[in-house]
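What follows is chain A paired twice: with chain B in the first complex and chain C in the second.
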Partner chain A sequence: MTRLPTADHEAQARQRREASKQAAERRLERERGLARQAAEWLGDDLLEVIEFRGQLTVVCKPPRLHELLAWFKDELAFDMLVDATAVDYLKLEGDYPERFAVVYHLANTVREARLRVRAYVSEEDPTAPTAGDIWAAAGWAEREIYDMYGLEFEGHPNLIRILLPHEYSGHPLRKDYPLRGRGERDNFPVIRRGDAEAKA
Partner chain B sequence: MGLEDLLGEGFLATRVKDLLAWGRKNSLWPMPFGTACCAIEMMSTLSSRYDMSRFGAEVVRFSPRQADLLIVGGRVTLKMMPVLQRIWLQMPEPKWSISMGACASCGGVFDTYTMIQGVDQFIPVDVYIPGCPPRPENLIDAVRLIQDQISSHEVQAHIDEITGIPSLPRLQHMQALRAERARLADAPLIEVVQEPAK
Partner chain C sequence: MSSTASHLGQQAFSERSISLEPGLDEKDMVLNFGPQHPACHGTLRLVLTMDGERARKIEPEIGFLHTGFEKLGESRTWNQFIVVTDRMNYLSAMSNNIGFACAVEELLGIEVPPRAQAIRVLMAEMSRISDHILGIGLQGMDLGAFTAMLWAFIEREKAYDVFELTSGGRLTTSYTRVGGLAFDLPEEVPHRCRKFLDRLDDLLEEIEAMLSNNRIFIERTQGVGVFTKEQAIAYGWTGPVARASGVDRDLRRDRPYLGYETYDFEVSTLTEGDVYARYKQRLAETREAGKICRQVLDRMPSGPINAIGKVTLPDRDEVYSQMESLIQHFMLEMPGHGVKIPQGEVYHATESPNGELGWYLVSDGSAVPYKVRCRPPSVYHFQSMPEMSSGLLLGDVVACMSSMNVIAGELDR
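For the complex of A and B:
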């Protein structure tokens, strides 16, 4: 026997939706508070706090990045690094101070809050401090950034390629990198019928 | 031919190379190189509904040393190509290969820096299968085409290419070797057993 939805079920579903909406609003309010705290702590080193579709990003000046991340971990108990990634603004419309940015996605799993921290990195000196000493999870994510964007992380213990072959040259997620590559995919020995194993 | 009448039942006159080809084509041992959704169709082809064992090609070997049919099914990336080449070279002769599906044959929709635009650029391919992914029937058809190639002695052409000796001179060469062996067998053994002088 199948149970058809009754008025009672619909009311319960409406209540659940309402409750989760309120929880999201409470969370956003909490995140705004945390971002405000971070802005006060940074003072002049804050560039801006961006709120977009209920998500907050704290943009700081590069020299304070490592300090800020450590502060988030130690003082505000952001115990999880969800992801670390980078952006290449080369062909993006708008005014950006530098070509690249590194972005750290943080989460506080106890108080349920998520924040993003961004710092711009220049093309001439594409280096940023590693966050591996704060969250161990940063290690592989930073290797991926290095692999794809060519940004280097000071203090990273093992900054080598993670996805592409080690002998690969170039960083394919840079926006000036051609989609079809620079001939890497055509650069293999041709094996004909009858070639022996020693040739490989 | 009167030979079968002469010898009675249980005998069949044929050529050795035909017999060999008949044996080879009905017991192909595939090496599956499945890297994407084509591999799912390959598994389907091998299992009970389509049952590739009807065509004698059900003994899938995950060691290239024990296989004679390479089935490349799926995307092959920059990082995977050296692996594929090594697997091909590890397979013993005679061997055949099938490029299964759009990605293996031409890169498919993945026209990017990391995708090989067709494995036939770097390893030999005997039969291509179109489709994304191809249906099991297509794979069975490809195996049948390989079987046709084997029974039409394309394998002999392959061996000739490898050794650099074409079929007829090769046969004469083998006959000469055999004659030499027979001559040695008939020759007095004194040369062989005599100990070298000290």
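For the complex of A and C:
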């Protein structure tokens, strides 16, 4: 039933693959240019620009984070916030100045371009500025970070838990939070089958 | 008996007037919609402040199906997590498997062989079709057109037969592995796929004849829940709902993966951005997905399905006869071992039926992920409910909700 690929198809596929590879290289070059621009704009507040597997991460000092994100949107047309999340570096080997980091994935929807912005957040003062005033999409993503990592966002209009119950204590995606145990059982009264039937 | 009833009524009335919140008008009513309501697909909940029949304020609440997948991922090996990805978007588990495997391969810096790529494209498009036809059917069902949903369900079962033949599972497929696939494509799958695709065109025509020019359907959907292009981009909308609002963006075309650049397909957009446009957009994308499926079937290459190297399981015959393969098998399968992924972080996105499904992976160089973050499209779609449907009639709120095809599994993870 399966028809064999013809020579025509294969030649065409090869050509398109080659074109796509070149387009990807041009895209990466463009993204490098954007990261360079951001590095220049940040000046001393830039910590580093990381390139890994063709993806660029701009790491900036936390006080400039909000300004940088707004600049990315207004000047470099990164009109979409793809995702916002956080990382707990507690158990990761390497040189990380603080325990936490917030990570924003930005995208340009007109000319496909992506960048990642990272800023470190300390354990003692786990606050970061909200990006909700720049992209409406940040609202729930930041609530989830608060829920899972306990990082607070200044200026967020509705910073409450989103996935876990409101009365929950603890932030489960922190690396020191065990896979099971610690607290969650205490938050809910234990109801046995007999008790429920007796009440009814 | 009657005295008890009136007493209860009085009590309920007095309690209601006590609990009148500040800012709430005397005539407002707070309506709890979900999490267990037939029109809430999955465990979604809306708290609606109703002014008569209109929803003045909408507060979505999520988390009822929270399962801690991301925490779970930090204690499972990379291949074990593929089983968890099935449970995120259970209407298109194949897409999730493929998206996650592609992300891990990007972190590894490897590419799967052409046959594996083609099979993955075929399965991704088949799951797109099964997801979309159900989405279209449910959109009809929520507005009272039950027939379309039943027709869609019958055909979806046939798509699930194909998944069952391929992977052994209908709903939870777990078909991909890091660096390849669990099994090769069985011989009868291409034939079954073609039969399904031949029937698909008829089905879409039948559904269109049923809904597209249906006066009631049009009245209920056109101009309802309009979201402009600017709003869609600001809220991070992706996939068919964003394209229905005029966002010309498709990762299969803009950032091709798995060799999507070698297939002919069109990315269409609509500008209306209402519920009807989302229905039309899904129909158009189902047809395009069918076109891609046919192209894959026509050109299915032969060859291995697993990348050569230390990340995939060796041939079973070689495990029994060669020392090298036996060691490799042991190193991948035994507890405490697994595929070692180099240290680093990567974000990889694929175009899933609902939109951009992204994986942000952080590895510490071991066989267990340091962090697995899933960027589910549903979260960003459902987040915009208040802005999209405040001020609408309650029935239109339901229409808006079903037009986004929100899946609670990936919403709450």
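To be clear about the criterion, the second predicted complex is superposed on the first by the 179 of 200 C-alpha atoms of A that agree within 3 Å, B and C clash if a C-alpha of one lies under 4 Å from a C-alpha of the other, contacts with A are read in each partner's own complex, and residues count from 1 in each chain.
Throughout what follows, a residue touches a chain if its C-beta (ideal position, glycine included) is under 8 Å from a C-beta of that chain, and two chains touch if they have at least 3 such contacts.
It should be emphasised that the depicted structure is a prediction, and the values quoted were computed from it without experimental measurement.
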| request: Considering only touches as defined above, state whether A:Val49 meets chain B (first), chain C (second), both or neither. | output: neither
| message | According to the stated criteria, A:Asp83 is in contact with first (chain B), second (chain C), both, or neither; which is it? | response | second
| task | Using the touch criterion from the header, give the chain among chain B and chain C with more contacted residues in chain A. | result | C
| said: Quick check on the superposed pair: does A:Leu164 touch chain B, chain C, both, or neither? Answer first, second, both or neither. | reply: both
| task | Figure out whether A:Ala70 sits in contact with chain B (first) or chain C (second), or with both, or with neither. | result | neither
| task | Applying the touch criterion given at the start, work out whether A:Pro172 contacts chain B, chain C, both or neither, answering first, second, both or neither. | result | both
| message | From the superposed pair, tell me which chain A residues show up as contacts to chain B and also as contacts to chain C. | response | 164-165, 172, 177, 179
| task | Provide the residue numbers of chain B that touch chain A in the complex, in ascending order. | result | 78-79, 81-82, 85-86, 88-90, 93, 111-117, 121-124, 158, 161-162
| said: Quick check on the complex: what are the chain C residues that touch chain A? | reply: 62-63, 66, 68, 70-72, 75, 106-107, 109, 190-191, 194, 231, 233-236, 247, 249, 254-256, 259, 261-262, 297-301, 343-347, 349, 356, 358, 360, 362, 364, 370-371, 373, 375, 379-380, 383-384, 387, 412-413
| message | Residue numbers of chain A touching chain B in their complex, please. | response | 164-165, 168, 172, 177-182, 184-186, 188-197, 199-200
| task | Please name which positions on chain A make contact with chain C in the complex. | result | 1-3, 5, 9, 12-13, 16-17, 19-20, 24, 27, 52-53, 55, 57, 79-83, 85, 87-88, 91-94, 103, 105, 109, 112, 114, 116, 135-137, 139-141, 144, 148, 161-165, 172-173, 177, 179
